[in-house]
Amino acid sequence: MNQAHSNKGILIVTCTDQPGVNAAVTQFLFQQQANITQSDQFSTDSHGGTLFMRVEFELADLARRLPELTESFRPVAERFSMNWGIRDAGERKKLAIFVSKEDHCLQDLLIRWRIGELPADIAMVVSNHPDLKSIVEPFDIPFHHVPVTKETRLEAEQIHLDLLEGKVDTVILARYMQIMPSRMIERYRNRMINIHHSFLPAFIGGKPYQQAFDRGVKLIGATAHYVTEELDEGPIIEQDIQRVDHRAHVQDLKRIGRDIERIVLARAIQWHLNDQVFLNGNKTVVFGS
Amino acid sequence: MNQAHSNKGILIVTCTDQPGVNAAVTQFLFQQQANITQSDQFSTDSHGGTLFMRVEFELADLARRLPELTESFRPVAERFSMNWGIRDAGERKKLAIFVSKEDHCLQDLLIRWRIGELPADIAMVVSNHPDLKSIVEPFDIPFHHVPVTKETRLEAEQIHLDLLEGKVDTVILARYMQIMPSRMIERYRNRMINIHHSFLPAFIGGKPYQQAFDRGVKLIGATAHYVTEELDEGPIIEQDIQRVDHRAHVQDLKRIGRDIERIVLARAIQWHLNDQVFLNGNKTVVFGS
Amino acid sequence: MNQAHSNKGILIVTCTDQPGVNAAVTQFLFQQQANITQSDQFSTDSHGGTLFMRVEFELADLARRLPELTESFRPVAERFSMNWGIRDAGERKKLAIFVSKEDHCLQDLLIRWRIGELPADIAMVVSNHPDLKSIVEPFDIPFHHVPVTKETRLEAEQIHLDLLEGKVDTVILARYMQIMPSRMIERYRNRMINIHHSFLPAFIGGKPYQQAFDRGVKLIGATAHYVTEELDEGPIIEQDIQRVDHRAHVQDLKRIGRDIERIVLARAIQWHLNDQVFLNGNKTVVFGS
Amino acid sequence: MNQAHSNKGILIVTCTDQPGVNAAVTQFLFQQQANITQSDQFSTDSHGGTLFMRVEFELADLARRLPELTESFRPVAERFSMNWGIRDAGERKKLAIFVSKEDHCLQDLLIRWRIGELPADIAMVVSNHPDLKSIVEPFDIPFHHVPVTKETRLEAEQIHLDLLEGKVDTVILARYMQIMPSRMIERYRNRMINIHHSFLPAFIGGKPYQQAFDRGVKLIGATAHYVTEELDEGPIIEQDIQRVDHRAHVQDLKRIGRDIERIVLARAIQWHLNDQVFLNGNKTVVFGS
């Protein structure tokens, strides 16, 4: 998963499962003299279900040949009515990270980015509070403070949309404690990832650690998911848990949970950036995780 | 946790936290020449919260001295208004295992019992179906087939109560797919353990694996809890999970889940049998887990 | 992974990675009107490394067409110098389970087999002790007691070879506490699975739980691996662990370990039976685990 | 485990297990009007084994009364030949963090320290390379660059000892890629914690991720331990693992491992700082983990 390889491409396909798709795709890549280095495929049902395919390949001079390659694939894609894309694996996605006051997920992402774990550019950090500005500044990343109140929600949304326009293709809600309005969700559909601090669908909504404490669960968790109009109901990308016991107060759950949140969010982002995540209705297919 | 030790006793205490409880209990055991081998203590709040204490001790000739020991402790207990008990750790609890048609938890418990992992006697297996009789018979354990329909629910309950009376102190619902009526719950309160095939409070109610499949979770789980009048809402004793991915169909979730259910139920029963589980409202304190 | 599907085939390929393999295989299956339902592929290095490929497909009338299909694939295989195989996924492998005195893995496998989790026939159980005969008999599986001493090791091996000849294609060492002689290893190379009761390569050799106790590890584990001439050094198929603490004596580690051993061995066998495990030198590639 | 409580004390005891220890300790605290809020106790063997005890208590005006309390306990301690200590839980230990070039553990500790997760003062960061200076400086923590070569090992040790003298009571080796000389080990015995990037005792020594890759393990791990003269053989405080598969190259193992290392090291430090870790020969007893 090293992104430093040049000449490495990724082809992703979603279509109705039907005979010949696999053969057509691999035949195409062979004819283009692309060398398949990894291939994943999943079908919900071989009789008319949905087929998900992800192929990594090497091709000399990929950057220059990409437009032509894309054009040549179009007839194959049309034959099978594919949703599809081909891209240079070295091309970096552009992130906006939204935060409020809690900094552990932000800190974690900044460090991963600095040591090269996140194959992306962080275009900006956006917050409804000014608190985390000093954390972002040493990284030479723009920090935008956009206050949000109930009354200014829609104006704030417009500011967000303007800020991101043309500069961002993926939005990360790294403990951003505001509900996203619908135009943002629509614009960044399947490209906006939230970290929820519970093992969904347990403890939907506010104060999940308090809810977990009250219920007396023996494991707490976190969930990274794409944001949809339904709060905490979007497609789950990744989840993980940690064991806790009766000694843990709510603040202990929060402390333990911070580690789970950081890791779950980082994994989800990495998979998303590598095009390993496919939408299957309100669920995800995650290849190679 | 070897139960074969003779002369090993267990003292359990629940009371309002207040100065001197610990000193009084340990002083008492010292005066009785009991040697404390393990001691656990937890307080929800040192200012008027609830204190839970469990002490394992060795005392020569325990079996004979137990009545006198119990009598001697009474004044200490009354001084602090304790809920308490002292018992011989070698004394075995008597279980009834309730099953329907699924046999994996039953099989698992029977094998653990045969190889000495369950420090208890299995007094009987009770089922609303005759299917699992042949599995139980080689173990020389009585199998009682008590059919249950909506109409006969209360008669069946009476039969259950009569069957268990005097023979059973702990009831295990090992995938018994019937809702327990209230008299049974009342009679075996805090002594009836159910295994629920989800990571509660996610997927309460029927078909949790189907629910988990539909929601697209990345981890599935199981939960052992004491049975209360509220379905799947009783105090949780133990939970565990296993990672799954998009390839898993509902029947795969069921297969993977069977292993989690077996292990979670077995752990909960072992802890219950060793008096490691204390009730704290609708939650549990589990020592030494 | 439901094996009940009729007309389901599995094609496995190992060969030097080179352009066109994928295209040739998928093209072949398409021409045969086989419908690919799942496909996995891994290459150690796209420039002259080893390529591993596993394709599940559906093909009407597979049982009858299998010989012809196999014949037709031969030229493709020869072009790329493949190690390969095509088989009917419904065809069941034939197991011999070797045990000594510990029964937990055997019990577990017998139960999984009875409830249909193991898509295989258990042809026989072989033991160097008579103790577990009574456990096997109710399942109507032949039990062969073959005593083994230092002096009779080679005669015992001959008896084993004769017993298995023509009846068994996969050998499971389910806590068989004897070192396998070399002819058995040679005959069942990559088809003989052992469960070792530690997290290899930690605690190679005898008494691993005692070793783990002495070292004070905080997690104990188990490892399923193919048997080679080097003790406990064969290719690892699966491993798992469980957390333990300072309270656990050796017998507690053994008890906790039994659950890990059972589950790790069962997973490894299931993957092996489904042709999900490929040899890569002294390592394994496990698809879809 | 919130350290902000004032008037909270911790009493730790290690002694030969014998009747009356528990009673004497609790009686003492009761007479001092201290209120026990948590108590843990473990004995390796109730007949002449070693007893470990840790008691948290509340006592009004603790800071002022601590010397007197300590003096009063001395006779109790002498009666049972205890190793013991009483301290104010609010008193913060003073850390030196040793690093080389890898920054993930350092970054993680700095962030945890800033958000209040580490109840300690970081007195200094020491490194044999200048690289991480810029990471430390924004935190207003002194950074000491002390180059180490084979020839200057002993001079460097003297510089280390001088730097730390009187300023540091606990040393953290946060991926410090140098072997500690014996005087440092002796001076900070049981107070120097190292993070080793494998699941010890597997893969002792250099390049453990390469070793793990070569062996083909299915889980990788990290181990926090006290440093002793025997490389990677000191008492284990904490371990954890993460699942990996055949796709993971060495650099993927390193990336995944970084998260395990960070969390394992942080847990070990937190437990050490809270006096939850006791030495039991070359093993540890960890209370309340």
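The letters A, B, C and D name the chains in turn, as written, and every chain counts its residues from 1.
Here, a residue touches a chain if its C-beta (ideal position, glycine included) is under 8 Å from a C-beta of that chain, and two chains touch if they have at least 3 such contacts.
By chain, UniProt protein names: A, B, C, D = Formyltetrahydrofolate deformylase.
Just so we're clear, the structure is a prediction, and the values are computed from it rather than from any experiment.
Student: Quick one: which chains contact chain B and chain D both?
Tutor: Intersection of chain B and chain D contact lists gives A, C.
Student: So what angle, to the nearest 5 degrees, turns chain A so that its CA atoms land on those of chain D?
Tutor: A turn of 180 degrees brings the C-alpha atoms of chain A onto chain D.
Student: With chain centres defined as mean CA positions, report which chain is farthest from chain B.
Tutor: A
Student: Considering A-C alongside C-D, which chain pair is linked by more C-beta pairs in contact?
Tutor: More C-beta contacts join the chains of C-D.
Student: Quick check: how many Å separate the C-alpha centres of chain A and chain C?
Tutor: Once rounded, the distance between the two centres reads 36 Å.
Student: Express in whole angstrom the distance between the two chain centres, defined as the mean CA positions of chain C and chain D.
Tutor: 42
Student: What residues in chain D touch two or more of the other chains?
Tutor: Answer for chain D, listing residues that touch two or more other chains: 38, 42, 247.
Student: Residue numbers of chain C touching chain D in their complex, please.
Tutor: Interface residues on chain C, with respect to chain D: 42, 199-203, 215-219, 221, 235-241, 245-247, 280, 282-286, 289.
Student: Residues of chain B touching chain D in their complex?
Tutor: It is residues 19-20, 22-23, 25-27, 29-30, 33, 35-43, 46, 58, 243 of chain B that touch chain D.
Student: In the complex formed with chain A, which residues of chain D make contact?
Tutor: Going through chain D, the ones touching chain A are 1-2, 38, 103-104, 107-108, 111, 115, 117, 138, 247, 249, 251-252, 255, 259, 263, 266, 288.
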